[in-house]
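Note sheet for the following structure.
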Amino acid sequence: METAGSDSAGIKKKPASPRRKKPFHAPPGTAPGTFVVPEGALKPRVKIFSYDALSFEELEVSGVLAIKSQIDSHPDKNHWIDIRGFGDKAFFEQVADCFGIHRLQMEDVVNVYQRAKVEEYQGHLFCVSRCIKEENGIIINDQLSLFVGSNFVISIQDKYEDLLEPVRDRIRHGKGYVRKYGADYLSYALMDVVLDNFFPVLERVSDRLDELQDALIDNPTRDLLNRVLQTKRDLIMLRRSIWSEREKMNDILRSSFPLISETTKIFFRDSYDHCVHVLDLVESYKEVTASLMDVYMSSVSNRMNQVMKVLTIISTIFIPLTFIVGLYGMNFAHTNPKTGEDLPLNMPELYSPYGYITVNAIMILIVIGLVVFFIKKEWLTKGN
Amino acid sequence: METAGSDSAGIKKKPASPRRKKPFHAPPGTAPGTFVVPEGALKPRVKIFSYDALSFEELEVSGVLAIKSQIDSHPDKNHWIDIRGFGDKAFFEQVADCFGIHRLQMEDVVNVYQRAKVEEYQGHLFCVSRCIKEENGIIINDQLSLFVGSNFVISIQDKYEDLLEPVRDRIRHGKGYVRKYGADYLSYALMDVVLDNFFPVLERVSDRLDELQDALIDNPTRDLLNRVLQTKRDLIMLRRSIWSEREKMNDILRSSFPLISETTKIFFRDSYDHCVHVLDLVESYKEVTASLMDVYMSSVSNRMNQVMKVLTIISTIFIPLTFIVGLYGMNFAHTNPKTGEDLPLNMPELYSPYGYITVNAIMILIVIGLVVFFIKKEWLTKGN
Amino acid sequence: METAGSDSAGIKKKPASPRRKKPFHAPPGTAPGTFVVPEGALKPRVKIFSYDALSFEELEVSGVLAIKSQIDSHPDKNHWIDIRGFGDKAFFEQVADCFGIHRLQMEDVVNVYQRAKVEEYQGHLFCVSRCIKEENGIIINDQLSLFVGSNFVISIQDKYEDLLEPVRDRIRHGKGYVRKYGADYLSYALMDVVLDNFFPVLERVSDRLDELQDALIDNPTRDLLNRVLQTKRDLIMLRRSIWSEREKMNDILRSSFPLISETTKIFFRDSYDHCVHVLDLVESYKEVTASLMDVYMSSVSNRMNQVMKVLTIISTIFIPLTFIVGLYGMNFAHTNPKTGEDLPLNMPELYSPYGYITVNAIMILIVIGLVVFFIKKEWLTKGN
Amino acid sequence: METAGSDSAGIKKKPASPRRKKPFHAPPGTAPGTFVVPEGALKPRVKIFSYDALSFEELEVSGVLAIKSQIDSHPDKNHWIDIRGFGDKAFFEQVADCFGIHRLQMEDVVNVYQRAKVEEYQGHLFCVSRCIKEENGIIINDQLSLFVGSNFVISIQDKYEDLLEPVRDRIRHGKGYVRKYGADYLSYALMDVVLDNFFPVLERVSDRLDELQDALIDNPTRDLLNRVLQTKRDLIMLRRSIWSEREKMNDILRSSFPLISETTKIFFRDSYDHCVHVLDLVESYKEVTASLMDVYMSSVSNRMNQVMKVLTIISTIFIPLTFIVGLYGMNFAHTNPKTGEDLPLNMPELYSPYGYITVNAIMILIVIGLVVFFIKKEWLTKGN
Amino acid sequence: METAGSDSAGIKKKPASPRRKKPFHAPPGTAPGTFVVPEGALKPRVKIFSYDALSFEELEVSGVLAIKSQIDSHPDKNHWIDIRGFGDKAFFEQVADCFGIHRLQMEDVVNVYQRAKVEEYQGHLFCVSRCIKEENGIIINDQLSLFVGSNFVISIQDKYEDLLEPVRDRIRHGKGYVRKYGADYLSYALMDVVLDNFFPVLERVSDRLDELQDALIDNPTRDLLNRVLQTKRDLIMLRRSIWSEREKMNDILRSSFPLISETTKIFFRDSYDHCVHVLDLVESYKEVTASLMDVYMSSVSNRMNQVMKVLTIISTIFIPLTFIVGLYGMNFAHTNPKTGEDLPLNMPELYSPYGYITVNAIMILIVIGLVVFFIKKEWLTKGN
């Protein structure tokens, strides 16, 4: 599970940990095709949905034999083998052997950082989808692996709660086309429901960008900068995911896999359109995010401008006044104390009856003049 | 309807709302092909234009049967079924059943955020166009959906006022080629008139960019920054729209749809050229917008420069003067009051008859010198 | 005519007007193929150059009949119908009917904002070229439209003075290959002479960029910023034009138009190389322009640095001095005036015979020390 | 060996040297195909692993004859000729002659800056891989050259310690598929183990980026800037390497080399997926690095903001106070000392019993007012 | 010759001139295929190298007849006609006629700003290569034109000193393959030696970038900015050159020119690899250069930060002190001089025996406190 955190309050404490929880690859040198069940993986829960247009059966099974016998005893029905949890290596090896799955593919199932893709191998299709959802402001990127045969679909995920519940409901209640069409349509339905979950995530990202833009113009804090950077990382990750989804859909449409019927291809064409639409939106949001960095920089500059203006206004008003009062603090002698000589040119203002009032009046006029100057320059207007 | 607001006065109050009015997708997990009529949708108004080169008939109808019978009774005429308003789900289901329209396509009609595209399905073409117009400085992006058959075109939109009135007039008065050619030409005429509306919108954007550039160099306010960002978003949205229009036109030209005659393809080639031209302009304007952000940043820096200069000029002039007057405010005693000892080296200037005048003269000379220095440095010139 | 002004002195007065003189498209909803002669268009002047390797004839004609009869009476010669001026709609309709020109093409001829392109239609080629020239520092982007038949070329432009005079001279005096080869070579010669005019324009742009770079490093004024932005817009426009020219040349080389002989294709290959070369240069200049914005920003920062240094030097020198003189302006009493008590610790310096001189000496030393500090920091060096 | 240093403590001392240790090309004009053994190259150590599914033999040999005879005496086994060290030109010439290797290829082996590639020549494949590892924070980019025949693989490297040990172990202990499949699988295993080493390097880069982002926001030092730039260079180099790896894998998959069996191609498809994944990550990290430069710039601006605020707070508080105390330092005479005339309007405050206390109170109120102002402006809050 | 100057000391004096010495195109309207010998062109020097594997002959000839007779008299040998200097139009016209060279090609030979390319015409290949070398820190971009026939190669350059001397030596001394293979290998050898010269130039650029990065972080001067911009221009020019070289090599490999044997194609494949490698490096260096602009900007900001800190430190220390000394410079009367009334609340500090010492002590404490504050803020640490 690749998580991309944001909005998280505790971002300062252990910043590295919320960004990525597990290493994204087995250690180099591991023999290809040897899959390693990650530590702490959940025990697999297996359900089989066997259905045709008229009937429907939902079984909770354990063990490959039960799966095999259920499929073999109803060869004319479609079977969805719905596996959640990785914690049983032997079970997955039996599944691989039973359904003719290549060990590299089983490695890809367990190593949950694959790009979305479709591969044909020995009569079945192997599809990987990226499952995007948002929990508490953190975007979570899980993996859904599908093996599609002529009358069965095996879906494998590492968590119990997933995005496929709407499809289960549709099978249970016979809603939509899912019970009417074959296993290929089921694989479409599963990949489509996962793809649909990009939209609410993108809507949240779009809202977040609008909020950030408004907040940044008012007050460029470091926390907002962190959130912009996090959103950028989220969008980079989303773009990577949807790009590979789009390639997968294109491969399905362009390649002539015998398992995918023409009727179902019309539906996949719709999924392809959704991928392109999502990609368009992600690219747009990336451009908006890029301009948010500029907005942040300009807001920082604006704040400095505000600070500078306060300094300049205070200094410009008081420095000349301080000069004036300093001027009349000089000690030039009006009379030479020793000789008693009169020095009438030395600061006669000090002995004028209205000297003090005149100086105060001049200073008040200076202040008024400067305030008018600042108003004219619009320095006292907020928000410039 | 995706709206991209700008110029709006009330941008501060509820900033998120003018940007996007409705969610852009049905909730994830909805069964594919189940279309949901949006709340508050207008009741559909249906008109049929039946025409050939010589005759013309305009009917206001309700119900699919009326449409069907009109087409069937005039199989040699062309029929434009002009539907505006979504507010009747049953009606659209009947239209889909009657004309063999796939439910996914009907879903695309109602879900008005599709990319422009063309699809062939069971003997008809399904075309989506983006309708761009500007109202009160806000760019509005509506959708026009077309189903093109051999002798009919169904157009569906969600609002009553639209961009197609010129085509209606041309049919009514027999202007241009529209009555002479078939349904494929009508579909061209409808898509072309919608495409033509990109040009006045782009002209407005171009004017806005010119205004913004001039305004930003003079006075970089936050409001202008907001408008630059809004223009950038508008252009991103326009690029997305015209890019898909161009792909659609290319698909029509490259694919060999039997419904599109060679004669009409010449007209579509012209539309393709228009798309490329619009795309060129949008790209150019995006580059101009990018440089406007730089202009904003440089104007903010320039303003800070102005503030700094005022501070520096005031400080540079008055700080040295304040020092001088402070100098002669010192209390070094000319005579030791207790001993009566003469201290002739202590500030004799204070007892010179011309001391005060000399000091004032020196200070005036300093001011003149500094003003000359600032003039030479061009600090007093505005606009640098 | 799309004009992209720069160097213009009057840029401040009416900035919006010199940028674009006319709207770039007919009003939306105009029926396709209805061409509208723009207001104030010049009356068409028509010349026919009829030539073969040995003979040459230059006629000034009016009316389509005269053109037609001249071509029909000399079927073995090549004919260049050289039309300048749009101001006669009837004439152009007759030309279209006479030579089998599609109305959409005639619309493209009159609507002079087309991209460069080549189209085949009913036995003739329709070519559009962009004519770039510079007048008074403003880059002008006109259109040359060509219809190429087996033994004739029709060229149409909207102004009397054009770039084709060298080709007329070559025909008149039998220079080069033009009289030896057919109409396809003539079309090449016309498009090539127009293409050649990109080079002097680019040379001017290159010179302008060099000047701007030197000027910006010295003195980043708003006027220079305006010129950089204008040059960027010019280059965006040039890139758009040359890109479409390159596509046109590529279409001519790749498509197998029967009208273009293999011999002439060798010449078009040369034109294609020129297009690629021009495109290379335009891209290079665009990158240089992008770095000029950075240079401007850094120069603005440098200027602020200069201002800051002046402020800091003045403040750093005089603020400590002002403190010192303030210190000895304090009124601590050496003797309590009421009690006559001696207070020998209160400012004894004031009564020292060398107090004033010592203080002055200390202040001079401080000034010297700070100047040495500034010299060491290279703050007094210009140009840093 | 191209090394890209970072984290290195001694970066200040000799910054140019750790970046590139050797020139990356032979002097111009050297005859093609003349390979030059670099100075100080290690003496070659040659091992042969001869194996089939059941048996395994590991020999240390010297000389081409020993290699040849070992292969010839076990034609049904697979042989890995594992050569490390370049320091014997004659030996490599004999190898080239013995196995039909082109001199240009041998030049590429010794000139260790090749892009990853695959070439077919005279019945063998020549593959170059980039070996990326990190030592002491410095990313090292070595070369692995492979010659793949029908029953042998020759691997050549310039250092004794390498990344291939896991493959040697798998052959020794018969783990995985390597002993079961042919020489083509061995070549895959060698290239795959090398490719796997990109992942831990990228993980370290990712960690470094997270650390740098956190550190930059707090404290933008030059050293951090240097590390960001170094990381950018590392990523540019990694992108170059993985891009060519991806092209190599694509060539292997798309070309129909008879030496590569369909079974092995499934494994190469997996390697191709890994390349695309690595490329995705490198591109993402490059985008993150680009935003780190912005973070650095904004942090520098923020620091300046802090400095400005301190200056402004101090100045804004004390400059008005200094004015007030200067005001009451003026020497306006209350009584004309000569005439004894009373001047009651001159600074009567000085003779009020509570004058001094009132002034002090006013100044305290001003300070309190300004502090409230700064608190309201959030200037005293850290981190803004 | 296109020169791109850098490192030049005299860059300030006449900045426009060193950048481009000659116009890069003949005046527009010149008839195609009329080549103009540039003014001041050197008189052509012609050498013929006639060789086969066993024998070798080197002749200095003048006139086309001598060339022709030498080739005709040794039809089984390979002939390299090595022409340097353009200053004889008649000679080149004779060469064109004698070897069947198109006039457009001869125009390209003389007009030395062509992109690298390969063209087939009437049984010979026409190849253009860009010759990059560095002289005194200025990158010089010359042209090498080759005409390749079945048993001859004509090379034409405009200067006497060139990059081909190593090939001449290899022919003279029979080193390498050049005497063993045919004229196609000779053309390869000539183009390869020219291509090899990109590497030392790039190494110099790489060194320059390292130096600039180190210098910029320490001291961002305008001169360094100029050098960064010049390096950017150099890299833009190098990219243009190597891009066209790569396209040329690709054309040679993909097209099936009968003159190029399969054996020689293996060598051209090596050249293609070199082109891709050079292109990779140029792109990398361009990215590094882009980040150098950012480094410059950040260093300018850092310098301003330094200046600001000096100002702030000085102001923060002395402005409060100046206030304090101003405080005790106030003239509040302790005794009303007229009434003799005691005003004990007015500045009693002035009459305290330890008043002056106490004030000085307080001021020293303030200074110590502020210095501690600055040390804690790390403002006195250099390099932040």
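Residue numbering begins at 1 within each chain, and the chains themselves are lettered A, B, C, D and E in the order written.
As a working rule, contacts are C-beta pairs under 8 Å (C-beta built on N, C-alpha and C of every residue); 3 or more make two chains touch, one makes a residue touch a chain.
The shown structure was predicted, so the numbers you read here are calculated from the model rather than taken from an experiment.
J.: By the touch rule set out at the top, what is the minimum number of steps from chain C to chain D?
T.: Counted as steps through touching chains, the separation is 2.
J.: Quick one: chain B and chain E, Cα centre-to-centre, how many Å?
T.: So the centroids are 41 Å from each other.
J.: On a C-alpha centroid basis, what's the spacing between chain D and chain E, in Å?
T.: Between these chains, centre-to-centre, one finds 25 Å.
J.: For chain C, write out the residues touching at least two other chains, lowest number first.
T.: 297, 301, 304, 308, 311, 315, 319, 322, 326, 329-331, 347, in rising order.
J.: Beginning the circuit at chain A and going via chain D, which chains come one after another?
T.: A, D, E, C, B
J.: What residues of chain C sit close enough to touch chain E in their complex?
T.: The contact residues of chain C facing chain E are 163, 165-167, 170, 175-178, 188-189, 192-193, 196-197, 199-200, 203, 206-207, 210-211, 213-214, 217, 266-267, 269-270, 273, 276-277, 280, 284, 287-288, 291, 294-295, 297-298, 301-302, 304-305, 308-309, 311-312, 315-316, 319-320, 322-323, 326-327, 329-333, 336-338, 341, 343, 345-347, 379, 383-384.
J.: Spell out the residues on chain B that touch chain A in their complex, using ranges where they run on.
T.: Residue positions touching the partner: 15-16, 19-20, 23-34, 102, 104, 108, 113-115, 117, 119, 121, 219, 221-222, 225-226, 229, 232-233, 236-237, 240, 293, 296-297, 300-301, 303-304, 307-308, 310-311, 314-315, 318-319, 321-322, 325-326, 328-331, 334-335, 342, 347, 349-357, 359.
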